Every structure is written in C-alpha cells, then in structure tokens.
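Chain nomenclature is as follows: A, B and C, assigned in order of appearance, with residue numbering initiated at 1 for each chain independently.
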Amino acid sequence: MTTGAPERRGFDLRRFLFSSSGWPYLLVPFIPIAIGLELAHASATAIFLTSAAGVIPTAALMGRATEELAARSGPGIGGFLNVTFGNAPELIIAFFALNEGLQEVVKASLIGSIMGNILLVMGAAMLVGGLKRERQYFDRTAAGVTSGMLLLAVVALIAPAIFELVVGTGLPRPDAEAVNYDSDVERLSVGVAIILLLTYAAGLLFSLRTHKDLFNPEHAAEDHVAEPWSVRRSVAMLAIAGVAVGLMSEILVGSISEASESIGLSPFFVGVIVVAIVGNAAEHWVAIYFAARDKMDLAVNIAIGSSAQIALFAAPVLVLLSLFVGDFPMALVFNGFELGAVVLAVLIALQVTQEGESTWFEGLQLLAVYAVLGLTFYFV
Amino acid sequence: MTTGAPERRGFDLRRFLFSSSGWPYLLVPFIPIAIGLELAHASATAIFLTSAAGVIPTAALMGRATEELAARSGPGIGGFLNVTFGNAPELIIAFFALNEGLQEVVKASLIGSIMGNILLVMGAAMLVGGLKRERQYFDRTAAGVTSGMLLLAVVALIAPAIFELVVGTGLPRPDAEAVNYDSDVERLSVGVAIILLLTYAAGLLFSLRTHKDLFNPEHAAEDHVAEPWSVRRSVAMLAIAGVAVGLMSEILVGSISEASESIGLSPFFVGVIVVAIVGNAAEHWVAIYFAARDKMDLAVNIAIGSSAQIALFAAPVLVLLSLFVGDFPMALVFNGFELGAVVLAVLIALQVTQEGESTWFEGLQLLAVYAVLGLTFYFV
Amino acid sequence: MTTGAPERRGFDLRRFLFSSSGWPYLLVPFIPIAIGLELAHASATAIFLTSAAGVIPTAALMGRATEELAARSGPGIGGFLNVTFGNAPELIIAFFALNEGLQEVVKASLIGSIMGNILLVMGAAMLVGGLKRERQYFDRTAAGVTSGMLLLAVVALIAPAIFELVVGTGLPRPDAEAVNYDSDVERLSVGVAIILLLTYAAGLLFSLRTHKDLFNPEHAAEDHVAEPWSVRRSVAMLAIAGVAVGLMSEILVGSISEASESIGLSPFFVGVIVVAIVGNAAEHWVAIYFAARDKMDLAVNIAIGSSAQIALFAAPVLVLLSLFVGDFPMALVFNGFELGAVVLAVLIALQVTQEGESTWFEGLQLLAVYAVLGLTFYFV
C-alpha cells in the first residue's frame, strides 16, 4: 500500500487517529453552536467553552487530511508535510492570539503544550498502558534523540529570560497581557528563533533522510484500516479543516480575556492549561490509544516529538510572525512559572525516556507532577 | 521463617540493624544524662549534645521493634508497617519542633535529611564499599524508580517556592524562625501535600503489590540472625521506643535555639546538618554496613528510599499536621539554600543511580558535594 | 617504546597533536608581530588579535613538550605531568589577567572554557566525525565518571553564588571588572577551592592508579609516529614554551580592556568566548582530528576531561593564587550568565555522554546550544 512510508518518522503526531475511532466528530455540533453564540453576542464563557470544544474536531480533521496527503506523496515530501502541518492547529490558535495582542497567552500555551505533552499525554499513556502489563518497552535511542532536542530547546527558550534577569528589566508578570521589551532582547529572540529553526530543519534531514531507520516503528501499516483518500479529497479536506480551525480559533481567542475573568481563572491559567489541552487533544487521544495497545514507541514519540515540535518549530515561527502581526514583536521571555515548568518537564522527559521502559506508576508520577504544576498555576 | 517476606521492599530502612551490631545501645547512657541535665536546667549546649546522642539509640530501638512487628505480620501489612514507621523518629522530632514554632528548623531538617541520605549516607557507603573492590553493582531499575519519585518530589517541593518568587513575597530568609505566609500559598502547600501523599500511597501499592519483585534483594533473610521477637514484645518495645524518642526529641528541640546561639551556629545549620544527621543515624550505619559487605542494592535502597520517604511522606504529613499544631500552618516554601541543595542532590542521585555501578571515587565525590554544601551553610 | 603508557588516561588533552599535523606552527609569525606591535604601542585591537593568534602555537608547543616529557617518565609521573600541565596555557593567561585586576575576565574565561569544551569542541567533533558514519561509539563508563566530576564541580562553582544570592549582596554584573566581596564568601570560596583540589587529587589517584584500565583507549600508541624527544630537549622546549606563553598572555591580557571597547564587544564576551577559544585551540583541533578518524573515546575524553580539569583544577588554583596576586582575593561568585551557561552545559554533557553513542545531529545540536549562548552573551 502507499501508506507504508510516511508513518516511519519520529515526529508522527496524529497518524491513525481516525482509522481507530471517530470520537472527535462527536464534538462537531459545537462548531455551529459556537458560531451561533458568537453571532448572538452570548456570554463569553459560553462562547469560550463551545469554541474550545469546536476546535477539537477541526484539529482532528486537519490531522487526518495531512496524513492522507502525506500517504500519497512518498516518504520524503509526505514526512515533511506531516511534520510541518503537525502543529498547525496550535499555530493557528496562536496566530489569532498574537493578532489580538495576547502575547502572554501565546507564550503560556506554548509552554503548556510542551509540559502537557510530556506530563499529561505521556503520563496518561503510561498509566493506561501499564495497567494491564508488568511493564512496557520503547526504543530509548529514538526517544533519547528527541529528548536531546528538547534539552537544546530549553536552553534556547530560557536564554532570553536569563538575559532579561541579568541585564534587563526582569521577567513578565503572569498577569500581563503583553510586554514590550527593548530591541536588544527582541533581536536576541529573533536570533534564537532562527537557530532553532535551522536546527529543526537539520532534525528533519536527520529523521527523514540520514537516520530514518531510527524512527521506524514496524507496526505502523496495520493500523491504517480505512480506505485511503484521494489527493483531491485530501487537499479539499485540508482546506476545509484549515478554515474551520481558523474560525474556531478566532472565536476562542476573542473570548479568552472576558471568559477567564468571569470564570475566575487567570488568562495565564487558561493559556497554559486550557488552551494547551484543547490544542493537543488529538495527541492526547492517539497516544493513550497506542499505549493501551502496547505500542509504546508510537505513544512516546507522539508525546515527546510533539513537545519538540512546539519548542523547535512553533515557538520560533511565532516569534518571526510576531514581527509582522500584532502591535510589537513578541520576545521569547517567559515568566517564572513557565521557565520552571519547562525546565522541570524536560528534565523529567530525559529521565523517563532514558530507560526505554515504563510502568503504570511512572505514568501516575507524571500526572502527579502535572497536577502539582496545574495547582500552582491555579493560584496565580 | 516468618522473616522472609517484609524485607523484600525498596523502602527498607533499618532492617538488620541489630542483627549485625548493637552499637547504638552504647549511647543509651546519654538518655538519663540528657533528662538529668534538662531537669537541672543545665546549659542548653550540654542538653542539646546529650539529647542528640540520646535520640540515636531510641530511634534504633524503634526501627528494630518495627522490623520485628512487621516480620510477624505477613508481607502486606508488614511492609506497610515498616514503611510507615520507617521515618517515625524524624517525624517525632519535627512534630515537637513544629509545636515549638520552629517551622524553619523543621523544613531545614527535611531538606537536610534528603540531601544527607543521598550525599552523606550513599557517599560513605560507596566509598567504604568500594575501597576493597574494583566496582560494586546494584539494580538500576529499582534505584531508578525511587530516583524518579525523588524527581517528582523535587517539583512538588519547589513549586510553592516558585509561586512565592513570582507572585508572592519571596522566600524565607535562612535566619528566620517561622514565616506566616498568606493563605494562597498555604492552600497550595496543602494541595501539594495531598498530591504527594496520594502518590506515596500509589508507590506503596506499586512496591508492595504490583511490582514487588522489582524490590527484592535475594540476600536479605540470611542477615536476620538474632532470635525473632514475639508480637507482644514487639508492640511493647515499639511503645517504649516511641515514648523515649518523643522525650528525647522534646528535650532536643527545646534546646536548639539557645544551644545554636551559644555554639555560634545558625539554627538553620543545626537543622539542616546536625538534626538531619542525628535523625538518620541509623540509616547511615546500616547503609555503610551493607556496602562493606558488598550488598549495594540494600545500601542504595536505604539511602535513596529514605530520601524519597522524607520527601513524599514526612514532608506532606508535617504540612498537614501544621494545620493543627503550632501557631499557623507551615507553608512548603523553602529558602534559597534548601532549594539549591535539594535540586542538586536529586540531580546527583539520578546521575549516580543510572549506571547501576559505583566506585570509591563516586562515593568520595558525593561526600565532597556534601562538604561543599555544609561549608556553604556554615557561613550563613 | 616508552610512549605506550602515559596516553592511557582520561585527562589526555593535547596528545598526538603534532604527530598528525603541525598546523599551529603556521601561526608562529604572529608572535614577533604581536611583540612588535606592543613595543610600537600600536592599536589595542591589532595587539589583541595578533597576540591571540600568537598564543596558539606557544600553547601547542607547551602541550607537545609536556607529552614528550611525560612519555619519558613512566606512567605514574608521566600522567601526573600531563594532567598538571594540561591546562598550563589557560592558567598562565588567567594569572596575568588576575594580575591586571581583571577578575571577571578570569571567571568568564573559566566558564567559557568549560562550556566551550563541552559544546564547541565536542559538538564539532561529533558533527565532523558523524558526517561519514551512521553513528560513533565511545565508552560511556569513562565518560560518565568524568561527567560526574563535572556535576560535582557545578555544585561547588554555584554554591558561593547561591550564598551571595540568599544572604549576600547579589551576583556581579557582567560589565564589572572585579568585585570585592566580603570576607565570608571569600573564605567560602577558599574552602570550596580546597575541596575541589582534594577531589581532583583523588581523581588522579583513581584514573592513574586504582582504575587506570577504565581510561585506556587501546588505539593510542599507533598515533605517535614522530621521533620521540630526549628529556633534555623536552625540558628545554617546555621552558621556551612557558616563557612564550607567558609573554603572549601578558600582551593579550594587557590589550583586552581597550581592544574590546574599540571592537564594540564587552570584556565579558571577550573573556567567555574569545579568550576561551584561544586558550583551548589545541583541544579543539585534536578532538576534531580524532573524531574524524572515528576515535570518539579520545575525542570525548579530551572535551569532557578538559572541562573537568578547568573546573576542578584551574578554577580552584586561581582562587588560591588570587590570595597573593592582584588587589583582593577572587571570590568564586559567577554572574547570572555564567551560572546559567555552566549548569546547562553540564546537564547537556551528562545527557550526551550517557548513551555512549553520537551522530552528526547530536554534534549539531551542541553547536546550536553554543550559538544560542554566544548570541545571548553578544548582546550584553
């Protein structure tokens, strides 16, 4: 079949989602409801909740369409498509938030995605997968390469913050909407973004070309049980999904400030926990699904690989986009909570992936760390 | 024999202490001396030193009685008893310190116990054990699970401090006796404590039930050479030991403030170094004893497991106790020295246990790190 | 031959340099040029650049002479000579900088050497070595021991900074020339330095005597193709090289302040990037040379071992020297950039060496981290 090649990658994110289950489609009704509430100028909370639910099926459709297109394109371009569009929903949400001037929400959702994938997604996968088994195994070399990328990313993501702490004006407060930093740290952020993107491009070369065997779970093909889509259908669906994600995202983002206030949560908490979970709902589901079927290689790759993509691709792309979108460029200066969370999450990712084994208790520990961080953020 | 089961656990702390040696009993005379000095209102320094010496045999007796009772109870309850009472002396000392309002001494002794077990106990064990051998081996999987628990604990222990640093009033100064934090961080501390205790309970399930083979050093039974105690005798001894530990602890704690002043050491140093060493004297001895006999599995488990127990059991229990004891609740906000020490100690524990091997030089390095930290604390 | 023994060590730094290539000699003409410019009171920038180039061949000659002398001395003394003189050029440069009162430049160059060896040297070696190979292997046990030493060193190097942050006057600013700290942190620094040196001495005992087999790359002898030097010639050359290094260093250091101003770089950047690269040029070349020939054991040992030597030997020696040289003692209090860089670099070293494998992409990631840090320092 033509489906054999593209799934042989480390950054495989949404692959197989619909071949196993169509559950996100159950949330489709929330799309028109959210639009209706928005047009009716209903309460921000209602708009926020329904549009959050509405994002999930559109993101899932986007993932499916990307997969199908990739499957038709041969391994090289297919892999590239898959990886590039892998985080498109997160990027689209963030784009609209940038446009609204909610830079701190953007940064919070980036960090929330990284820590959510490592702690919540991987934790749930290891817990569910380990319930019926003594232990589960995955390839520690592939996971280690991706964890290593995360460690690089952490250095890059915290370097501008160290700069601000040592010679600048300090970190942003978590209750800020956006902070206009001076040009030095903005230029530093752009430079760091370019280094991250170049490294990311080199990583594609590494995982798709020179070392593609490393990221090759053998049990991939069997999962694609549904009829493959034609190229025409894939492109059409990708376009529809893109428009739908954009629409839902704009509605979602437009309601964040007001909704968070009326619910009594800080915009920071909404960005780092709620938006991050919504934007990564597909990964959550797929990783748990594979873990339950004892395909831990795929589950771990989805969790760690998705985090690495956010850090090395989505974050720098948004920094560069911010040069053209919004009132002023977004400096890569994270607040103290975000710095602490991302450093701890990546250290945990390094520790957890180094053995190539997991148990239910390891999964539970990851969830406990997520709970501790979430609780801390709740009190902000 | 009935002694076969309970020692098959990762959190085994004081097992075998007396089967190999009765040395702590040599310190028994300090018990009446401390009581006499206390009644005679002698100098605080003399009271402090004698009661510190007097704690050691009472803690040892408590450990022995717990072991014996556990050995009579079958693996499940026995293991639970052993683990729960494993840190009873530390808890009792801390309880009296809480009662005296010495919250910062309590927190210092918690951190001092964690770093002391990792650096001093494990370091001395690896050094002594490695002197006559090329290298020593231990099961890296079991040690890795416990180190992973420590990493979770670190996140939990530093989260409230990050909260205070970012949006609160800052960390406590090392020369404070107690700091009354606002209710947000107190509620956060309670929440974190509950998450830690739930994780600890899950860890018991993991190590005593679903994965008990992981923590099964085969060479355990042979060490229990002495005649086992009856249940009646065990319970009686446990009661006597509990009263004795409490008495010594109350005397010890009552003299800390005055004694530290007259010796010229800060209460912080006394808590983080002196009290921590006294409270863990039994672990120190037992771990070195096993290392010298090339039973590194046991030695490493005692050191790392004891640290994990302090972090995941003793610390949260004390936070919850502080709701009822003392003037105001104890927030889990550590000072900068404590945060630095616990993060570094746990990183070192992760590094050292990941290979499953040790040499004398590794032990010496751990001791050197302890010396550096101790020296730093000395100048406070 | 007598050359067999001394290269069997982990801290082997400049061995084999000239047997494979005499390229540093191409820079010899810069020595008289630098002297001439200095005497002619030419522009500081010209003096700085030429003396920086002139340091490289003198350092290389010093390395060669040390090697030759070591090869004549038998394994014990030979290894000791090699290790002790291994960082002589860095020490000599730093000595003159101390003498000029440029304590912050000294500290910057120490940190720059540590992070440069880990990120730049090891990164370039892994990238070049991995270009033509699927992956390269090295002994993870030996690399792990040295990485462990680095972790100890990090604790020691940041402990006085934690002290200053918590109870002192804060960290030095990166644009300071020298900061006169109070006597507590100076005494703490001296104490830490002594602990580091004792650990270093124990490490020599470990690597040269009790566990010398661990640091024994078998493919060493074959590289020594040139005719060995006599003892007389070795000593003479060592003396000549020492004088030449000293002369170049004094000229270099004398021009740093003025040159950095006229080039538009901060003295901090010059110390942490430029001086560190010049002082370690020999290591850079040799590590890449071995990596290209698939001798990753040697390449990794040079990079990590050289970092460990800087941290455990050069840094404490300079602290002790500063008691006698310069206006006031140099406290081991690093600025925020230096602390961040050294912690991150050592964490990366631990991660990269733990697998015992490398690929070109891992090398590229290390270089990317170096680029991010260098860029950050550029904006200071």
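Definition applied: a residue touches a chain if its C-beta (ideal position, glycine included) is under 8 Å from a C-beta of that chain, and two chains touch if they have at least 3 such contacts.
Not measured: the values here are computed from a predicted model.
**Student:** Compute the rotation angle for the C-alpha superposition of subunit A onto subunit B, expressed as a multiple of 5 degrees.
**Tutor:** 120
**Student:** Specify, for the interface formed by the sequence copies subunit B and subunit C, whether it is same or different in terms of residue numbers shared by both sides, with half as the dividing line.
**Tutor:** Result for this pair: different.
**Student:** Nearest whole angstrom, what separates the Cα centre of subunit B from the Cα centre of subunit C?
**Tutor:** Each chain reduced to its C-alpha mean, subunit B and subunit C end up 40 Å apart.
**Student:** Subunit C: which residues touch two or more other chains?
**Tutor:** Counting only residues that touch two or more other chains, subunit C contributes 347, 354.
**Student:** In their complex, what parts of subunit C are in touch with subunit A?
**Tutor:** Residue list for subunit C touching subunit A: 134, 171, 173-175, 335-337, 340, 344, 347-348, 351-352, 354-355, 357, 359-362, 364-365, 368-369, 371-373, 375-376, 379-380.
**Student:** Which residues of subunit B touch subunit A in the complex?
**Tutor:** By the definition above, subunit B touches subunit A via 141, 144-145, 147-149, 151-152, 154-156, 158-160, 162-163, 165-167, 184-185, 187-188, 191-192, 195-196, 198-199, 202-203, 206, 210-211, 347, 350, 354.
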